[in-house]
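So that you can tell them apart, the chains are marked A, B, C and D in the order they are listed, and the count of residues begins at 1 in each.
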């Protein structure tokens, strides 16, 4: 249809999430082309490369030295800061999976390099592109629900991750609820001033070994006065549960759980609906496609990608405040959290 | 069907809610009979008496001196303590509208008299008898949802009360959210240890004159570790909104809003459902019938009525703690609230 | 509130449905008063009379000779014609349970007497007053769904009646589907020209002994070209199922099944909603109140009651046509059905 | 993952539906590969070939003479018979879009050739692979709903096709309702014995010029006694409407409309849900993927593809019977329809 050359993207890290991104770029994102893949574990890169018909490069510097227009950083979290700085130096547009880092100073160092270089940047808060969640945001922007007064967000996983994962995850607030902190800022359009957190260990006692919790309820006070309640659980017996609700002066917008399909069976034992999609890869697939479309469209039009360095940083700060609130048993102001 | 004489009940105070109770007792509660009505404003008593075919008495002492089995205290809140003490002295079973008093010492004085006399007592937390809310409680008792981990309660009124009412209401926590404090105790079966409250004035700026708020979000920490989020608003543009959700180790039980009927119209402009029932008298009618049935059944069987003096006191304490949390900007332990 | 004397109504026949009508008139219908009750089985009349505080009369002529304003004919179907004629002669307003008779000539004789006498008349097609079904009709009248093109009606009972009942019931079309024939006329506002019926015996083989069916699907062609599909079953395993849908040029209006309450439980085994109301007395209670309100309001205003002699006759004719269609295996025009 | 070579498929006809099939085969069907494309309009073939990185062949015989394992016949309906016969002679497995032909003799000639050659064959009744519709079928097979007694199917398009299209479409029964005839056989697992059809022109008067209708209601009587009602409209103001319901001895299975997403906005004007997916390409995309997966899996396992020559023929016969029923105003037995 169009004579414009597609945006050529290299994917760094092709584990579960990186492979998905590579496949989406290759097949589902108009205007984008997969240019190359890299993985520290070379056989993984070669397998994905073969399946998708692109080259696997042996060194990550080949990605940065190439003619590629953009890079997708999907490797393990502890590599993000260095890769972001390298991308900034190479002048590549960058898509980066969250989190940039669990250390706020490091985050500032990486994002500072990105901003100094002026390269386009998008952080992977994919849920903003979920059609139902996005409809909630749209109902706020359009004025349909008026000024936001109360927000309720529930995020509950189908089952807890292994202890080994939890150990280096940053804990429930930085690993899991960080998506909800982003969602609260996104749907209200208002920054967060204060955080009060309560948490508990109800599901997986072994998490106590690494000082983590599996159940939490957090209150956010936004700049504009809106109050947000976020609850998280590491295990919902009925499956992955992801709901957002904004109550405002003119009404309410909600995002409910999609089910596997719209069939149902009704018998003397009741109504049986199909289960929830298993987990984030299934539930949020349309949002992953959507974030790539948004990234590519922004670059094609020469605009800023829609989820910025500010959006990459703010939820981390809220999460750090939540952790302090939990430890100290008091509400914590956002400005109390500073890079060390 | 039964040869047992009906329980004869006298109603004290036949304003809006008292008249409703009188009508329900007269016509809708098997095993109960309306014996007499009293109101400080005599014409009101005479009108209700005529409509329902019972005597109107000129003095409240006639109620206590009568052969009636029980009294329903539905007069203005500031009369409750004295009437409860009088009922205790007269040896009458008592049904009392909430609140007993806004003053914890007074509450203790009245409930102390009731307990000392050993008369049967039930406080009017009618929402416990709402079939949908009761099904949530039942799902906890039966074990269907397992141990409660997280509770979400939303209560939003269709429109704010007049400033004059607000002035003597005790404020949002004691006038409105007190029902939700009761609900949190009811559905979890666990007492509350700690309260953290945040509130705002978003709807009716004039409430500032009496130091009240119209929007609030409260976190409760229960004895068993369950975390409850309650949000309240004095005005939901779409109508009276009353929802309860318990998330537990084995699943989730929810109580959604009933609508006026189950019809819907679908056109190019979308799906149109009928509105929510206007307010509590419409929404909770089945629960008012239910609380009377429970009261009458308990007395008939010689059992304790199901919503006790403990249930009359605990939500008031939580509400007082919420008020202090809001004022002092910190979580408040329940034991910090003591009668003066 | 009003100085107008209430409409005094006598109830003839206080079996299950008649007793319900007597109770509703006594307690739930503003502007109406129960004047007396009669039943061929005197102890039944005396029991209801005692419970409701009205006289039981020993002979039905006492009803007609009384000062009562109206009579409710709720006795067995085979007595309706004579009672209607007696009511017409006595100049009483009449509410009559359906059917007037299963014999079209008899129907015409009774309704002719009513019309000749000019007494107000209402036939007991209560479902017109169900709030959800009525909202479908309203969506047609208001133009919200445009001109009706297609109608779908499902009526399925929780369990089949005893064979003894079926024997004298007139069969599925006259006993059960007759309500749906009325509904089709009601929601479309258009008479029926042609009927095509298919039926089967799938649930209760013993019905073959009396030549009846337990499952049926009927096509109606309306005067205005609308096409209606009605399905009936004598046993829905999941409970009483009553749905109406009108599809028109501008949209669709639907009436779905109300459930016992709006609670639900979600576990690993799926979503559990409460059961359907058991049967018509539970499901349609608001419609029984509604038909009495409409009757009393019409009489009070000096207007014609809203479900007329035409409405009493037309569904019977459609039912007779359906029976003939089933027997002869062809579509039957309404005008083929004539009184013998 | 697997060492098995993918099934190589050539697509004949890459108009709207053929292009979609080519894209699905290229990217979304594990175990399949797009081998080549052909279109009578060569630039169309070249465009799709370039986008998907496969050769465009200049003559359809190149497809049949190639090493391809299977062909997908997606060209205009009037070419299907010849192409099927050519495919049979070439020994290719065949996927064919519906209909084989509107002429029953031609259908029999083409399917006879396929059966004689013994080549694997699948007809494109994609809706069988819609997850919600398939769940209804599954509820019958598993016994969850018991023996089917009543089926309701509604299929309503968002807007009527142009008159030019209607002219050669075979009419509403063969062009549109044919999918529903297939669905009735699929969900019940029972053949159809008798058809009664009523139709009307309510939306697009110009269809009268070609003797077609735009609104229809059809009764099917199945071999096992089940009764099916199918309604069709060429225009639903609220969008594409596709519902299936099976009512059986043990319960009911339904397939409801999926919406664009699971968000909703509730204001004083009511509840607003997102619109229905626009039309079949959007609504049924998962079913198109599903039919290819089933085809490829069957061939890989050496089994018969799941929608056979019998399934290609039977709905056409039902459609022809429906047309005759409409013209002759009587129920038509299936055996009355014979090839000329």
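The working rule: a residue touches a chain if its C-beta (ideal position, glycine included) is under 8 Å from a C-beta of that chain, and two chains touch if they have at least 3 such contacts.
Please read these numbers as outputs of a predicted model, since none were measured by experiment.
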### Task
Between B-D and A-D, name the chain pair that shares the greater number of C-beta pairs in contact.
A-D
### Summary
Relative to chain A, the most remote chain by C-alpha centroid is chain C
### Summary
Per the C-alpha centroid definition, the whole-Å distance linking chain A and chain B comes out as 42
### Centre-to-centre distance between chain D and chain B (centres being mean Cα positions), rounded to whole Å
58
### Query
Which whole number of Å gives the spacing of the CA centres of chain A and chain D?
39
### Summary
Shared-interface residues of chain B (touching two or more other chains) are 237-238, 250-252, 266-268
### Query
If you look only at chain B, which of its residues touch chain A in the complex?
146-147, 149-150, 152, 154, 156, 196, 198, 200, 202-203, 215-217, 219, 221, 225, 227-229, 231, 233, 235-238, 241, 247, 249-252, 329-331
## Note on the structure
Residue set of chain A touching chain D in the complex reads 27-28, 53, 130-136, 139, 144-145, 250-258, 260-268, 274
### Summary
In the complex, the residues of chain A that touch chain C are 237-239, 266-268, 270-273, 275
